[in-house]
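The letters A, B, C and D name the chains in turn, as written, and every chain counts its residues from 1.
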Amino acid sequence: MTNILLIFFIISLVHMGLSKRLNTYTAVLAFQGIILFGVAFIELIQINVPNLLFVLLETIGFKTIAIPWFLNYVIRRNKITRESDPFLPDFLSVVIVTTIIIGSFLLSNAIQDTHVKKILFVAALSALFTGLYFIISRKKIITHVMGFLIIENGVFVLSLAVGAEMPLLVNIGILLDIFASVFLLGVFVNKIGDVLQEQDVDQLRNLKD
Amino acid sequence: MGIYLIGTLFIGCALFLNRKKGLNYLLVTTFVLLQWGLTIHAWLHRDQADWVYFTPDALAVIFLTTLSVISIPAIWHSYHYFASDKEIPRERSIYFAAMIILLAALSAAYLSNHIAITWIFVELTTLSASSLIYHRRNVRTLEGTWKYIFVCSISITLVFIGILLLTVAVQEAGFSDLTYASLTARAGLFNTFWLKLAFLFIFTGFTAKVGLVPMYTAGIDAKDKAPSPAGALFSSVLLTVGFLGIFRVYAIISHTEIFPWAGRILFISGFLSVFVATVYMLRVKNFKRMFAYSSVEHMGLVVLGLAAGGVGYYAAILHIVLHSFAKSAMFFQVGQVYRIYKSKSIYDAGDYFRLNPAGAIVLLFGFFIITAMPPSGMFISEFLIFSALFAGGHIWLLAAVLLLLTLIIWSFGKNIFKILFIKPVGLNEATIQKIPPVESISQYLFLALVIYLGFFPPGLFIHLIDQAIALLPK
Amino acid sequence: MGILNFILIIGASGVFPGVIIRTKSRLSGRKGPGLFQPLRDVWKLLRKGAVYSQTTSLIFQIAPSIYFASVLMAIAMIPFGSQGGLISFNGDFVFFAYVLALGKFFMIIAALDTGSSFEGMGASREALYSLLAEPAFFILMGSFALLTGHTSFREIFGSLHFGSSISYAIGVLAAFVITLTALIENSRMPIDDPKTHLELTMVHEVMILDNSGFDLGLILQTGHLKFAMYGALIVNFFLTPGSELYYSIGIFIVIQALFAVAIGIIESFMARFRMNHNPQYIFTLTSMSLLIFLGVLLLLGKIV
Amino acid sequence: MPVIILIATFLTASLLILVSGGRWKGYIAMAAVLLNSVMSSAVAIRALAGHTFEEHLYAGPVLGVLTIRADALSAWFILLANFTLLTGIGYGIRYLKPYEGKPAALNGHYICYVLNHVAMLGIFSIQHMLGFLCAWEIMTLTAFLLVIFDHEKMEVVKAGVNFFIQAHLSFTFLTVAVIWVHLHTGSYELAAVSTYFSRAHPALSFLLFLLFFAGFGIKAGFVPFHTWLPYAHPAAPAHISGIMSGVLIKLGIFGILRIILLARGGYLLIGYTILVVSVVSGIYGVIMAIVQHNVKKLLAYHSVENIGIIGIGIGLGCIGLGLKDPVLVFAGFGGALLHTLNHALFKSLLFYAAGTVYQATHTLDIERLGGLVKRLPHTAVLFLVGSLAICGLPPFNGFISEFVIYSGLFHGMAAGGETSMIVLLAALSALALIGGLAMLCFTKAFGIIFLGRERHPLAESPKEVLPQLLPCYGTVALIVAIGLLPQLFLRLAAPAISLFTGGPAAGPPGIQLLSTLQNISICTLCFLLVVLILFLIKRKVASSPAARSSTWGCGYVAPTARLQYTANSFVRPLRKLIRPLLMMNKSEGAIAGIFPGPIHSDTHPYDKLEALLIDRPLRALRRLLGGFHFLQNGSIPAYILYGVGFIAIILLIPIVTDAVTYLFNLFKQV
């Protein structure tokens, strides 16, 4: 069951790679949120109730609903054009995402380690690198935020993979931080949207030596 | 501790909500009192866990004290900063709220004994810092803020990944406790593969805070764009928090066989930092950025000292403390310079010696102190770092570093003396505001402190540092 | 004992220029003035009044006297075979060289004092030539110090003894070097033509264009003294130690005369070098004295 | 205790200077310097008398107990420094009178002056290497601040920075050397150096010596470390140039002598090294001096030359130590020490004179000066004395030290083996050549500046004031005294020299040399007598009074000042001879048309070694570093990439290396 979900998750990454539109991205992010909930639920079924609730909150309430909505709001508010104009052609980006996935697969195979769950690890790594790739390859600032979110998802999966159980308090702290950072990022996207017409990172290259 | 955190939170909200000037400053002063209370408390209850996750150990106490000392002039100069030009109540209140949250987060991060808690508060520093940077609401500050917050978020995520990888190692060894104490104690049992990965990620993540290669980049913009009192904090205490993170993990690693490997990473990063600093010291014409790059250089030296080992450990910590004082003093002064010339470009500045003698002397001596010329206390620490390098047999590295440092001092000196002595073109003397010498007192005190700590360190100070580096193998 | 030598040299200086002139006139088929004519000229000048340029300062007036005094001092150090000169101490030839240099210094600045373009030119040349000639002398003396193990004129010449063929070669070379030095120092023919009428091609003469009366007389007489002095130096190579006095005096007179005649001959048969060739020529002195040095090394068997 | 008093004096003085009014600052500083000088001189004289001064001072946990010791060597330098700094400030007070409007600048200047003095005394006496480094750097920084007194001018600050950075370079060398010594001996005492030398492998200890030599050599201004001098000296106020050239660069000499004292063995190699470097410095310095048109620059290059001469003395002494020849040692170090003193005297005198000229004419360009002897008679005399002394002509002090070195050289020729023989001969001829060149240089300088007619009319007629002349004449008095009674001064230096010979204050070689100097003083005295007599004769004989007329223009009756021989043309013949050594940037307008208009042409001599050894490498380095400007390019993706790339590379390196080694082994099996 987990595996199927994770395969979906990876597929969603690929889809993100080839899709052009920002709102597709947000949709995909929401979708990933649901998947993650599923995975987390299965993985953590045995753990105590408060943790479960917490995970529920994090995935459904936060990853699936809050953030996508917030992103859509930002997009609408700043009238960001729907195209995510990348530096590279989409075809290439698909190829790259695929290679990332394969690469992370090989990498996690290279790890002969009974403790970590391979497939989760694969998903996590691929999400991680895809996110980084997004940040590096996309022009729009909002897409950077999305890339960041993908990375966060990857990290989430990674934490599942390594089965790291943090004390609840710590978990909450981490969650709050991430939420706050995403929120702040959004806020600043808005502000940038106020001062700059089209949201292009090339607009933000004045501070340099 | 609890009182402290809650109190801070409360004060922060209060500041955020009300705009009255007097009330603001009242709240800020109460915070300062709180801060000092915490510091004294930490002194009194050394190495006693407080609220489970906070243990004031030697290093934490040193840094916490540094922070508390610097915080006072920081706030004082912020006051002058607002007094000097038009102040919007809303901005001011946000500014102070952010500042005290930053200070609180830093203190908590110093004190925390649990790697994840450290992570949380470091992340918090990013968030609060970002609103400080954005204080002057214009495009450039916006850009600086965006870069800072984004790069830092990524880097902090890297740190988090590192922590996760660390937990893998920990759990393989059959534990789940992530407090530094237990990690250090059991370091030998962990799988080195995961440890390597963990260290690499954590180190790389924290470089964004310390201002080391590879992720020093956003910090420069932050220090440049933030108001100079905030810049002073960024280039002094915010660096130390990153250093603390690295130091603690390095201490853990030091009990495993990958210690030399980690050391090599530090060498690489440290040397590259000095190198990059040189590259840009020769280039930049914005004196605030120039100081930021000089921080990069000094952090590089610190890391080199840490990597070289032996007396280098002592030197590294001494150096970072001294650097905190010296550099914050310089940033306070830079604020005055900026107020006079209304520009950060070296071309617009000049003849400062005549316009503001008191400040000019600070700039001059600060330059001597920062470049570690006797009687600067940093001379001692740098000297020790060099001898550590020499003793470690890294003679060519030492030679290269010395060469780069000479270049740095050369261009640094050229620019500083330009500001001090050469008449600028088209400076309208009428518009210049007089700056009372009183505002330079704090800098004098700090510079004096640097000399004092360098040459006549009190026994307690030495003892603390020794205790801090006791974690590392001799 | 030294006083005799002193007197001899002074005396020789009286006759020396006369001999040169006489030789030259004989060789060019003229009768020529009497031997003491130059001396008479000097005497006449000494009693004449002087004319000073308004440009000049005190320097210009004191320079000739210092020049003269310096040469006198130098002469006082010239030994006479094994018997030393008036003054003799270790390294006296250093003093010898430097005291001469002092005189030259003053002559040069005196020339510059007149603010004339010609005299400046002469001064520049004089300075250049003397600095080029300087090392040669020191290398020479150094080699002799090495050879004899002594560092004063008297001891060096006292303990010079010619045995092997090399030593003769050295002696001859040394004599030659000193002769050339003398020519340069007195700015005689191959370097400088005292009889020329074009200021642009003068060295020494142009420096003293503005001197007159007593000063000019002193300067001329100093030139004569210098000649005699170098002659005496050469004489020292041929004074074999331990021989009777009249014998040595005889040698002295003969050699001085020969020296003068030689110069006369050179002057009448050689043309002056082109100015820009002079430096090379002067520098050959140095190379020759280096040859002497090598010869000394050979002699001492330091190099084989 | 004196140390405390020194510091106390400094603090009180600076306080007073800060509070006092414009015209008193100088006198307060002077009083402070005087007080310190008196005290340190008392110590120094006792030390020369054989009572080595020593005291211990607790200076914090880091430095620990500082040993302050003044032996004969320190004493010699302390006396030298005191005298020069006293004359310096005596002259400086008047020189800085025009600046009384700028109290801030004056405050800084005078405080730095006093502190500089104290720091110098510290350098001479502190035995703890870290303490020494601190004193050294304080001295440098204060000197730097003194140099840039006139800091409105861009080039002054440029020169200051140049000095600053080279001084820092020397500091770096010394630091590394100290680290080295401390690492192997575990002690910061100067004595540790000698223990290291006695223990370590000769090659290593020679290397260490080279480190020290580089460090001190930069300060001393040996070629090729000399390039800061020609910039710093013209930039500084006259009295500062005086003390810099008189004392500051001697600190380098002091350091080298100190290290030689501490070194154990390996003297021959050291000696040859120093000798070669010094010969090069001497000749190069004087040659560069000849082609300069800026008086102070000219004097600066002469400092390089004189350092060369001192170095020849030191090298000679070292060779003597190597050959175990006391005469050589005595002559060498004696000459070096004497010349150090002499150079301090006449060079400061020359700088003061140049300063007065500058005050009078507001230019340092020789070509624009002339005929000043009538305007500034005293200054002319001072400069003349200085020139004669620096050319090493009797009856002045320069001759004495050079003579001592000469006698050492001649003795060494007779004493040494082949190598030393040839090296010494080279040194001998070099010294002779230097003498000749110096003469050319100073006949030019004095002749063109002071003699002839004024090339450019002066705005106001300058006047010389007594307080400014007094210190100069004091210096002159000492110069003449040394020239006439050298034996006394050599006897004074004997204790310092005996530190090197290791024998009694003046051993047999000393006695011999002293007697020789006795003769010399007699000779010089008779010489003066002869000159005097000649004057009297002249008075008597010259019957008719001297007439005045214009200079004989060889028929041309309307000579103007511009017809005079210029400095440039005066040195032209030599310049042509040594063209390959020089780098003359000549700018000349082309001759055009049938009746060409006036053409302007000027030459700027540039230091070829500087171009080769500093400018080019620096340019290359900057180009290299400039290649990395893309780093901070402002694009976030790039910034992220750095982090990721760093991780990736660190991870990949071992894999790649493994692969390579694997392949390597694979191919090895084939």
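Basically, a contact is a pair of C-beta atoms (placed from the backbone, for glycine too) under 8 Å apart; a residue touches a chain by one contact, two chains touch by 3 or more.
Bear in mind that the values here come from a model prediction, so they are computed numbers and not experimental data.
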Pair sharing more residue contacts (C-beta pairs) when C-D is set against A-D: C-D
Central chain of the complex, centres being mean CA coordinates: D
Centroid distance [mean C-alpha coordinates] between chain D and chain C, Å: 36
Whole-Å gap between the CA centroids of chain A and chain D: 69
Distance from chain C to chain A - Cα centre to Cα centre, in angstrom: 100
Chain B-chain D separation of Cα centroids, rounded to whole Å: 43
Per-residue overlap in chain A, given as positions that touch at least 2 other chains: 135, 144, 204, 206-207, 209
Touching two or more other chains - residue numbers and ranges from chain B: 146-147, 150, 154, 220, 280, 283
Chain-to-chain touches, reported pairwise for every pair that qualifies: A-B, A-D, B-D, C-D
Footprint of chain C on chain D - complex, ascending: 370-371, 373-374, 380, 384, 388, 391-394, 399, 402-403, 406-407, 409-411, 413-414, 418, 421, 425, 428-429, 431-433, 435-437, 439-440, 442-444, 446-448, 451-453, 512, 515-516, 519-520, 522-523, 526-527, 530-531, 534-535, 538, 541-554, 559, 561, 563-565, 569-574, 576-577
Residue ranges of chain B touching chain D (in the complex, touch as defined): 146-147, 150-151, 154-155, 158, 200-201, 204-205, 207-208, 213-215, 217-218, 220, 265, 268-269, 275-276, 278-280, 282-283, 353-354, 357, 368, 373-375, 379-380, 383, 386-387, 390-391, 398, 402, 405-407, 409-410, 413-414, 417-418, 420-423, 454-457, 459, 462
Chain A - residues contacting chain B, complex: 111, 113, 115-116, 128, 135, 141, 144, 148, 151-152, 155, 158-159, 162-166, 170, 173-174, 177, 180-181, 184-185, 188, 191-192, 195-196, 204, 206-207, 209
Interfacial residue positions of chain D with respect to chain A in the complex: 629, 632-637, 640-641, 644
Of all residues in chain C, those that touch chain D in their complex: 46-59, 62, 65-66, 68-70, 72-73, 76, 87, 89-92, 94-95, 97-99, 101-102, 104-105, 108-109, 111-121, 123-125, 127-128, 130-132, 134-135, 137-139, 141-142, 145-146, 149-151, 199, 209-210, 213-214, 218, 276, 279, 286, 293, 297, 302-303
